[in-house]
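Which chain is which? They are A, B, C and D, in the order written, and residues in each are numbered from 1.
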Amino acid sequence: MRAVIKVGVLGARGRMGSEAVRAVGEAPDAELVAEINREDSLSALVDAGAQVAVDLTHPDSVLGNIEFCVANGIHVVVGTSGLGPDELDTVRSRLAAEPEVGVIVAPNFAIGAVLSMRFAELAAKHFESAEIVELHHPKKADAPSGTAARTAQVIGKAREQAQLDPMPDATTKELDGARGAEVDGVRVHSVRMAGLVAHQEVLFGTEGESFTIRHDSYDRRSFMPGVLLCVREIGGRPGLTVGLDALLGI
Amino acid sequence: MRAVIKVGVLGARGRMGSEAVRAVGEAPDAELVAEINREDSLSALVDAGAQVAVDLTHPDSVLGNIEFCVANGIHVVVGTSGLGPDELDTVRSRLAAEPEVGVIVAPNFAIGAVLSMRFAELAAKHFESAEIVELHHPKKADAPSGTAARTAQVIGKAREQAQLDPMPDATTKELDGARGAEVDGVRVHSVRMAGLVAHQEVLFGTEGESFTIRHDSYDRRSFMPGVLLCVREIGGRPGLTVGLDALLGI
Amino acid sequence: MRAVIKVGVLGARGRMGSEAVRAVGEAPDAELVAEINREDSLSALVDAGAQVAVDLTHPDSVLGNIEFCVANGIHVVVGTSGLGPDELDTVRSRLAAEPEVGVIVAPNFAIGAVLSMRFAELAAKHFESAEIVELHHPKKADAPSGTAARTAQVIGKAREQAQLDPMPDATTKELDGARGAEVDGVRVHSVRMAGLVAHQEVLFGTEGESFTIRHDSYDRRSFMPGVLLCVREIGGRPGLTVGLDALLGI
Amino acid sequence: MRAVIKVGVLGARGRMGSEAVRAVGEAPDAELVAEINREDSLSALVDAGAQVAVDLTHPDSVLGNIEFCVANGIHVVVGTSGLGPDELDTVRSRLAAEPEVGVIVAPNFAIGAVLSMRFAELAAKHFESAEIVELHHPKKADAPSGTAARTAQVIGKAREQAQLDPMPDATTKELDGARGAEVDGVRVHSVRMAGLVAHQEVLFGTEGESFTIRHDSYDRRSFMPGVLLCVREIGGRPGLTVGLDALLGI
């Protein structure tokens, strides 16, 4: 019989945290042993015997939380894009003292988003053209989305490494903005529309064929399979892991 | 038994003309009786007993061709977007003298494109948001495409008539061009990509739903059903008809 | 100044009803004056001065509710597909006695769905081929969906009226079910998938081009613009109206 | 300077062969040195100094052609799905005697199709649901397409290896065929439509998100980048390689 993993959630009342509480509670191979909020002491994790902590708090508190957990032999799954190189170095040095503990830092738990980006990277060198169309709800402040910009960057880098020619484009008469924004040589188009949530199409084309990778994210629940994947895998991954890619086997 | 319609093609050696020659030749209810090129006399149409002339020549010669045909009681189907208001008035005055003759001027014979634009116009007032993504081969010089710009215009006009609020859009941080070009208040995004031909998506959205009209045009043959529709209908449509819409019953 | 419309919602605690309560409450030109549930008397509608009743109760109670409202001079918007020809006749006879009252019966309030079906009907005769792919959440019991089946029927009927040839299909070797279900000569394919809600693509094709109408419905809120449209229009539409089409101006 | 690769095309007058002749002729790093048809002797390859032979002939002649080329130290790129296990063993034994020669057997040269299948395989274990919609021209005899069936098989196998639960599907009332054909537990839907060429969507879904891989193939030219990739890589790949996957680095 597979042992059940004891999990504590930090930031349990937050939007992501409350979803994680629900998801861990429903998973047959995990047990929710602690719900920690801002006013609670981290020692509750130790008291409850948590094996894995899922940190869905603010960037400000993440580093302290990690240090506490590592020192107490608790694996940590962190969902934030707010850790810089210096902070990751700090995490690594703490982990050096606890070689059996694992920390996974995942800027994006949506498996579909991570697959999109990785497949785009792998496909990029095989096509003459690549563009991105991302579509989001109209309350979004930034255009393009962070995911679209990062996807463009990995495509741009893959094309450069493969020494591809610039993409063909005979546009000579353009209404301002029609051809989108340019990120590392890749055109990115941002649609903002009532009714949508978060969607992205990466389009590739070469003479006679096109190839498209589309990801549709409808709500926060889409992050939970990624969170659970980390919870399940972290026991076998001591040290620091950045990004879900490694866990997805791609 | 339905009578066969005798058709002459003007500009028969051109790219569109040669397709029309093939299409008329294959249609069970039409007979190709004349292929006219630049060096040929228009009188061959009369000699051959043509009932309908399909003019796929250059804008320069269209008006003269129409005048000749109308004077000789031959209906004319014209595939050009190059006739201005003055020239259309000239056509009307010629037709006044020949009340049984019909002239159809169609800037676009692709039925799918015409349906796209008309349906977009009808749908526009029912949605908070509308944007257009058009995708073409990379040899295209203009962005956005003429069809996309016209579609944006009819959407913008329909929204104005329905006194809709401006579309919701909270973008405050935009990489230049990400949100596309603006045509009459409607954002238009132009993708240019090897392998593609001519494609357009009109996206509409409102709280909880989205609605999309997509047209894919793969080659010149897509214009032929529209040409044949005109050939078949023109006998019952004396006077000047502009655009395929009326014939499509929408 | 435009007068505010006084609205009562029947079935106010139900899934659709509670959305309608919210939507009417937020609309600038409507006022929610009564929330009626199973245990409440309909006379509350009269007491509150409701001008329009929105009935989102069960098929069993709809007819009685309509009769009460009509007798009291209250317009009724009914969201059910459960009224048969006999019951509609009953509604008509009640309305005969109250010529200024309107009843709108709408099997589907999603404007995108209604547009999809109507546009599909208008487009059908212009294409050689038509098929439907509908995609829903995996808890759905019936395949194809009711909307897809009805869409296939209107396409089939439009093709028949236009005396189109059967669709081209050279399939001679088929794995059972691959070509989908057949509804009035139109193939319908049903995808059931975790993460999806309710989506439908109507695909049309002819030599050289294809034309697609797609509707995505993400949640119950997508029905509210249709409900509000009925509330706003019903004052000008005495008698019985079936379906949203007439109100959409298509 | 990169040396130019001397290439001979077998089946040079065929549909695929004539495209290959054109593609090799246009490639800056390849030189077409021989065009071989049925009536020609293979010795022309040797006389012309061909380093690589591209075999686009019939399954009947492929094995003999490979044997001749291997014996003469010429690499062979073979585009056929008609070689069975026994014939591949024969190729291996011939290659054993010529350890520097390479043979690549590719059932599908369309890079987009190969990427689709491989990415589908990699993604499969991460989603609760997976289905395939393939869309082809109406002259196609088999449904589903060979590519769709193979894609379903690799998905089914990946799900089995990951010990996934069966896909959720509450369908209890199905019009015959609506839910498609079943291939290794994966539903496959086949659309046949005038105007289309060859298209495939692999859809994955899990709570809150969906993920789609789409490949559109418009014409035979889409196979040429795959052919050229093989021509360029075969010098560094002695022995037998089956499928383009290895060369795509995925």
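Going forward, a contact is a pair of C-beta atoms (placed from the backbone, for glycine too) under 8 Å apart; a residue touches a chain by one contact, two chains touch by 3 or more.
Keep in mind it's a predicted model, so treat the numbers as computed, not measured.
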Exercise. Among all other chains, pick the one whose mean CA position is farthest from the mean CA position of subunit D.
Key: C
Exercise. Looking only at C-beta pairs in contact, point me to the busier pair out of A-C and A-D.
Key: A-D
Quiz item: Counting in whole Å, what is the centre-to-centre distance of subunit A and subunit C, each centre being its mean C-alpha position?
Solution: 39
Quiz item: So what's the Cα centroid distance for subunit C and subunit D, whole Å?
Solution: 46
Practice problem: Report the inter-chain centroid distance for subunit A and subunit D in whole angstrom, where each centroid is the mean of the CA atoms. | Solution: 33
Exercise. Give me the residues of subunit B that touch two or more other chains.
Key: 127, 195, 204, 206-210, 216, 218, 222
Quiz item: Quick one: in the complex, what on subunit B touches subunit D?
Solution: 195, 197, 216, 218, 222
Quiz item: What does subunit A use to touch subunit B in their complex?
Solution: 127-129, 131, 133, 135, 138-144, 149, 167-183, 187-196, 203-210
Exercise. Under the touch definition given earlier, write down the residues of subunit A that touch subunit D in their complex.
Key: 110-112, 115-116, 119, 122-123, 126-127, 204, 206-225, 229, 248-250
